[in-house]
Structures are given as C-alpha cells and as structure tokens.
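Mind having a look at this structure? Questions to follow.
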C-alpha cells in the first residue's frame, strides 16, 4: 500500500483545495492518469497518479483543504498494473511544482513557510564594547603563547597600548605565591597562620613581589631634647616634617597602572607588636594634631590593642608607616614598605653614641633611623630630603 | 503629464496618423525585401502544394511521425515527473514537435547543432537519449554529456548565446574546408538579443555555412510577439544582416524539413547562411513552473491546438493509407515502454560523488584547488545540513 | 502593518515609491502582465499602467542601457534582470556607463537607477539560475551593491536604493524570498545604506555574512550557543561600499572572525573584508580569519547544490577553529 501526500505545489502555498476527484475508492488507476484537480491561487492544477493500482482510500473530499505534505490518497499497488516508478531520486530532490499554480517562479522550487521572522537588527556600530582586550600582533601573541606568558600581565609599550615583541621578550613574570612549589616542612604539627600573623604573611609577600625597596640609614642626635619628650610623638611629628620637606614619600603607587597618588593628609600606621602578631593601627591627620592629641591617640591604641578591639577600618588607608622597634634590641633595619604606600620609617633603640664634637668627643643620645622607600616611584634624592626633614625636626629641642 | 507625448504634427488632429519618414514621392527605391512563406499540409492534413521528394516517400514521413509522437509521449511524462517531485523545472516542447523534428531530420551527423533548451525532437533524431534529457532537468551535469554527435553543443539557457556558437562553429568548418554546417535554434524572444544579431551579421558577411532557425511560438514567457518586436516577420531580421530569410509553417514538418534541406544545401555549397523562421505555438507553459493562464487567453490556446503538428501529419498519413488506428495504439504503447525505460534509467542513476564538482573544471585540476576538493569530499553528501 | 515575505516586501516598496514619485519606472522581462517570474512586481502594472511598468523585449543589455538613458534624463528606472545568470550582457553598460556617469561628467549627468536581480542558489533551479557573482559588481567603482536578508530590510533598503542618486545593484536572495514572514510597516521609511546590521550580539566569535546565508549563519550561532559559544552575527547588507567600522568594532570585542558567503571563494567579497580587518584590526585578532564559501567551481546542478552551499556544519567548524587557536 502506498500513500501519496499532497506535493508542494509552489511558493506561498502551504495548502490546496480539492476541486474534483477523478477517481473513487475502489477504482483501478494507471500511472500518470489524471487523479484529481486542486485549486491554488485561482489556477486549477491536475495532479497525476504516481502509482498504478487500486485506490484504497481518499483522505479528503471535494471542497476540502489539504495541507502540503499531508496524505491525499492510498493506492494498493499490489493488485495488477505495472509497478510504480521508483521513489523520488534522492531525498533532496525538489518537491513537485504545478505549472498552473501561482508558483511565482519559472524555475526551481523555493522553500516556503509561514514561519515568522522575529529579529532585532542594529544598524551600524558605535556600540560600547565590553572591557577591552589586549592588543597585540598575531606573531606577538604566538610568541607569548609559546613562552607561556599571559599577555594581560605584560605591560604594553607599543602605540595604542599594544604589547610589542620586545615587551614580551623583556617580560619577567612575577612569581605568584600560588605558583611556587610548596616548601615541605619536616614531620611535625604544622599550624595554619591566622589573624594578624596571616595578614602579615600576605602583606609582606605582596611587598616582596612588587616593591623595589631601598633603605637609607642615618641618626638623629637628640641630646638637646628638653626633658619629658615622648619619642613616639616626636617621631610622628618628624614624619610630618619630612612630608613637608618632601611630599614624594607620602602617598600611594600603583605598579600595574604606573600611577602615583600623593596625599596632603598624613595618616601614619604604627606598627604595634602584640602576642597575636603585628598590627598597624592608623593615626589619622597627624599633620593637624597637637602633641597632646597624638598622645591621646597613642594611648587609645595601646588600650585597644590590649583589649583586642582595634577595628579593621582603623588599620586601613594610611599614607605612611612608622615602625618603632628598638625597645628591646635593634639599631638599624631594612623595614618593609607596605604597598600601596611609598615609604616606611624605622626607628631603632635610642643609644648613647660617642660622637665627635669640635675636636673632642662626647656621648650623645641618638635615635637610629632607617628609611625604606619604593624606588620605583621615589628617587634617592627625594628620600634623603625627606630624611633630612625628619632628622631636622627630631633634633629640635622640643 | 503624459510621459510619452505625441509628435507635434499629430497633436490636435484627432486620431494619430503615422508621420512619414520623408515625402515618399521624392524617394528612389534602392533596396527592397521579400519574405517567402512555405506550407505543404494545411491544419487538416491536406496537401496545398506539390510535396517535396522526401515527402513522397511514406517511410520518411512515418519515421518523422513516430519520433514526433515519441517526443510528445516523453514530454507528457516529463511534466508528470516534475509534478510528482521526481524532476526539477522542465521546459515542455508541446506543439513544437514538427519544428524540431523537421530540423533534426534535415541535418547530417557531421553537422553541428546548437540548441536552446526545448528541441528534444531534433536531439532524439540525432541520438540523444531520453534519460539524458531527464538527467539534465533532474540536476545532473551528465545530462549534457549526451549521446549523439559528440560535437553538438549542450543545452543553452542564456538566451541567444548559442547563435554565436553556431556562427563560430560554421567559421571553423569553413576555415578548415569541411563540408559541414552549423545549425542553431532560438525562440521569438531570443531574436531581440544582441547576440542574435551579431551572429547573423558575422555569418552573413563571412558567408558561413550556418542555418539560424527561429522557432516562433508567439510567446516569450508572458511577453507576446506584439510587444517583442515591430518586425512583421522574424525572417526579415535576416535582411538587415544581408542574408536570406524564409518563413514556414512550423506545424508542418514537411515544410520545416524542406526549408532546412534547402538552407543546408546552400550552406554546404558555400553560398552562405539562411534564417528559417518556423511559425508555431507554445501549447504548454514556458516551463513547468510557469502559469500561462495568468497572461494568455484560453481561446487563443484552443485555437492553436487545432493547428498542432501531430494531428495534421496523422491525418495525411491516414489519407494515403500509410497509417491506421491499430498502428497508432501500437506506437503509443511502444513509446510508453521506451519512456518508462528511460525514466527508470534516470531515476536509478545515483548522485555523482562530491569530488565530481571539481573533476571537470580544468583538464587537470590546479594544485591550488586540491584543498577545496578535499574539503568538499570530507563534508560529503550530507555536508549539506542547512 | 502586515506580515510579509521578502518578495512581498519588495513589491510593497516598489508600490510605495511609485505612488510617491511619478518618475519611478519599472521595466524588465515579464514584469508587467505576469507580475515578474517571482511575482516581485505583481499587481503593479494593473495599478500604475503599462507606461510605468513595462514588459520589455528579451535583451538585457537593452534593459540596462535604456535604464541608464532614462536615468540620465531625469527618471528613476528600477529595472529587473530576470536572474543574475543573465545579467552579464548588462555588465558592459553598468561598468562603462552607470558607474562612471557622474564622475566623467563632473556631476553634470548622473545615473539614479536601480538594477534588481534575484540571485543565489538553493532552489533546485536549472543551470545559470543560481549565480552569486556580487563580487563582480562590488569591484566596479561607482556602483553600490545592496543585498537584503529580511523582509524589513528588503523594504527599507530598496526604498533607500531607489532614492539614492547613484546606481544601485539590488540583489535579492531568491532562496529566502518566501522562507519567512515579518511584520513590515508600509510607512515609506528607508533604512540606511552603507552600514552593516548586527543581527545577533555575542562575545566570542564574529560571523559576517549576507543574503540567504544569514539563515545558515544564524542557525550556526544558535547551535554554538548551546555549547556555550557566544556568536555575534553581522549582516553586511550593503556589500559595497563596505562598512568596515562595524566589523572592526565587533572584532575588537571578540578577536575572532568568520566570513560566510555562498559565492565562490577566489576574490569573493570575503577576501575584501578579510584584507580590511587584517589592515585595521590585526592587533585585535586572536586567530586567523576564516572564510566559509562556495568552492571555486561552477555551481553544480541542483542534485549537488547543497554540497556546494556553505552548510551549518561548515560554519560551526570554522568558528570553532578560531577558538582552538
């Protein structure tokens, strides 16, 4: 039994209306015999029988509308007559067209559908693009890939912020902490760092990765001090004097963007040693405070530190760091610059030093000073000027 | 505002009177032309003049009649194949059987035929197979690699370009001194193309052994002859090229063949080209995808059907006792069998392998195209997910 | 507002402009009584008469040349070549006259004509009816080449083409003439020429195409989206002059470019786009530019035509190749 579906009768015509059946169920039909007339767009088309055989079933009657591809007639080809011609030559043969149908073409077979096109088409460009990608010539990209370098890490020096071949060749990747092969501890009971100790490990690691530190050592002769001076307070004031003498060490540096942001405010972080580790509470606007106010702030810090109530906000956003470390031992040091700040002043223990004075010798109390600064953004001259300002202020009698 | 205002002389004088070229009384005639018309059998199959020699031999006529019938049976089948999805768009030759078979029957094998795309009767006479016609319209290039003389041109869709090919072939034959002719066929619409005029001009000025057949079936898709040209006959377009043109009844196979034999003899003798206009009617649509009822008066079509070529030849053959109903039925039955066999051969021809797209681009495929060929093969027959 | 197919949108635009501007004339073979072999001009002769919608004799050089003559004398002819396969006798007129009329007369004469032709394959047509040689016309200075890919753009771009004071070759992808319907308002609004249209936004790969291939390209984008690849699809629309800026912006975002056209590869329009992006967007490219095109063979007859036309799979493979790099 063979079912014949209504062939595609032409463009824009997903269906056709049956006008006349020329055969009835039970009739014998011969291949190519006119089988029925269908109407499409005001023209009537004769559809010939595709098979020889007996009409078994008509799927629709005169006046009915049949969709293209839906069954039209069943013909039993087993009974007499010559076998039907072979099936359509290949799956992608064109579907039938009726010459009288308004197929709207003299050639071929056009796919037709009622499918609706929903689209949003935007004319032209000028749309904001998402965050920019790295620009580099293909050869440079290939080179970076070969060397396992991520182009986003390479500072571009080419025109239009392009990463050049030289940039890639000169690139020395900063080893990320994560990428290091872990140092194996001997068997024992390793304890994870937490709290301030952990923060210090991260901060110091970051400093090592990024900062190019340089330290200048000098001493402040304080033998002329009036009695009753507090060293820490004087150091804070001296730092302000240093900032005024040379502003270049008070502020921030962004190594990736290569930008520097100097500040007029002097917010000094004070390194404080606690049983839990190092914390750096900040004294704000030191340049505006009197000695008494500074003393009060320092006392407040001491109290809070013991009570462990120093809040994280009180340890952020400082422009300079002071490390007054000499209470127990230590004269000079190479204090670590805390990114993104530019400099840190370390003050060691006050000593009685033998100093030459006008052809003789005396012993004077002196504060050893160690100024570390980020040489990426501050020059030696700037650091010395700063230090001179610090020393000059420290050496005042009050 | 009238887009095409009438000439000043005619304005305001009632119905338009054609403006003469010059005052005719002052003219001296320096050239004139005459177009002759030929017909041997009227639409009822009655002889209207003495038949040419070949037509007095019933066997000759029977051979042509059989082929005309076979062509028509094939044609009907091809249309049905298209309607049932087994063939692509097909150009029917319904009504043109005499014009085509008359051309084919007059030609020799060594002559060269440059067809348009409808002249199956002529081509079958020359040995082209029905299955090859089906392959062509079925979308397979092997159809154009048809049987029959290997020097015949392939079907030609860009209208009138084949006329220049015939002129060129004729030029080759002449240069080489070969007693061969080139014949092209074109429709009435095609005679408006530049290529057509250029072919006539070259053939005439060089006296080439060519015959340009114009099968005037009155319609170029939907454009009737009346707006295709102002020429009274298409044969007279030959006059402009300086060559003879004749018009024949294209529904009378005897007239067509007779005109062709004369023209070919002329050409073979070195006397130059001829234009043969065979006037007939396109009883079918332009192709299976056209709908002629949109633009044609059905009464006109019916009237033309009364003039059609098979009826008149059959009537004549019956009248001379050379044909009868039994023979007709036997012939139809044989034709049906032959056509079925051709359809089977066509339908069972598998699609060419993917690399075939490349295999005949050049004598040897350039190295630069190897990669594309491999890509096509790699994606293969089902690389076409669309 | 009506839901129309691409071919109906063409008719709509022609009718609208002929109503609005009496200097617009339609001419070609079978365009009048028959309404065009694809019905592009259906009903127009009935509405505007045989002097404005003309059935011409069968001669393409004549159709183009006469259109040029009419255009130079102040009319706006919209002529039709029945198929791109038959456009070649008209090429002489187009390249030697239409494209250079304004230039060689220093603007004294100009040629505001539109030459329409159905083009491209995929409808199981006979020989010569599946041509896609837009590159020929793109190469001619002074000629605009416009290819719509949706009913809306067919309407808007055809209006723009008719109104443009210089010659436009308007190629209609016949495979999608009736493939989809779209709401198109008959409001007489032209759409901008000389710009690309972004049909789909995405971040990973830019796919540039035009004509009927937008259909396969969008299908490829959808298929890839299911694998997490986000494609931006751009329809060139105006083939020449080329809006490279839109493409460059997209490549700046994605870094990857695939150009899809059914025309043959050698010196196809894809080559021009690739060269332009290589010139001006090289530093944004993460991978070589891919072209998915027809082969450098004569388009095969229809039994094999779908092997020739770029398929969804070929487009996806090319896009993925840019991501592998």
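To keep things simple, chains are lettered A, B and C as they appear, and every chain counts its residues starting from 1.
Criterion: a residue touches a chain if its C-beta (ideal position, glycine included) is under 8 Å from a C-beta of that chain, and two chains touch if they have at least 3 such contacts.
Since we're looking at a predicted model, the values are computed, not measured.
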item: Chain at maximum distance from subunit B, centres defined as averaged CA atoms; value: A
item: Most central chain, Cα average position; value: C
item: Chain pair showing more contacts of the two, A-B and B-C; value: B-C
item: Inter-centroid spacing, subunit C versus subunit A (mean Cα positions, whole Å); value: 41
item: Where subunit A and subunit B are represented by their mean Cα positions, the distance between them in whole Å; value: 72
item: Whole-Å separation of chain centres (CA-atom averages), subunit B against subunit C; value: 35
item: Numbers and ranges of subunit B residues touching at least 2 other chains; value: 88-89, 138-139, 221, 290, 294, 351, 384
item: Subunit C, residues touching no fewer than two other chains; value: 37, 122, 124-126, 129, 302-303, 306
item: Multi-partner residues of subunit A (at least 2 other chains); value: 89-90, 92-94, 102, 105-109
item: Subunit C residues touching subunit A - in the complex, by the definition given at the top; value: 3, 5, 7, 37-39, 42, 83, 122-126, 129, 150-153, 174-175, 177-183, 191-192, 195-199, 201, 203, 235, 243, 245-246, 248-250, 252-253, 255, 282-286, 288, 302-303, 306
item: Subunit B residues within the subunit C interface of the complex; value: 1, 3-4, 88-89, 117, 136-141, 155, 157-159, 189-190, 192-195, 220-223, 227-229, 290, 294-295, 351-352, 354, 356-358, 361, 369, 372-373, 375-376, 379-381, 383-386
item: Touch list for subunit B against partner subunit A, complex; value: 76-77, 79-80, 82-86, 88-89, 138-139, 221, 284-294, 340, 343-344, 346-349, 351, 384
item: Interfacial residue positions of subunit A with respect to subunit C in the complex; value: 11-12, 89-90, 92-94, 102, 104-127, 129-130, 132-133, 135-138, 141, 160, 162
item: Footprint of subunit B on subunit A - complex, ascending; value: 7-8, 10, 32, 43, 45-48, 50, 82, 85-86, 88-90, 92-103, 105-109
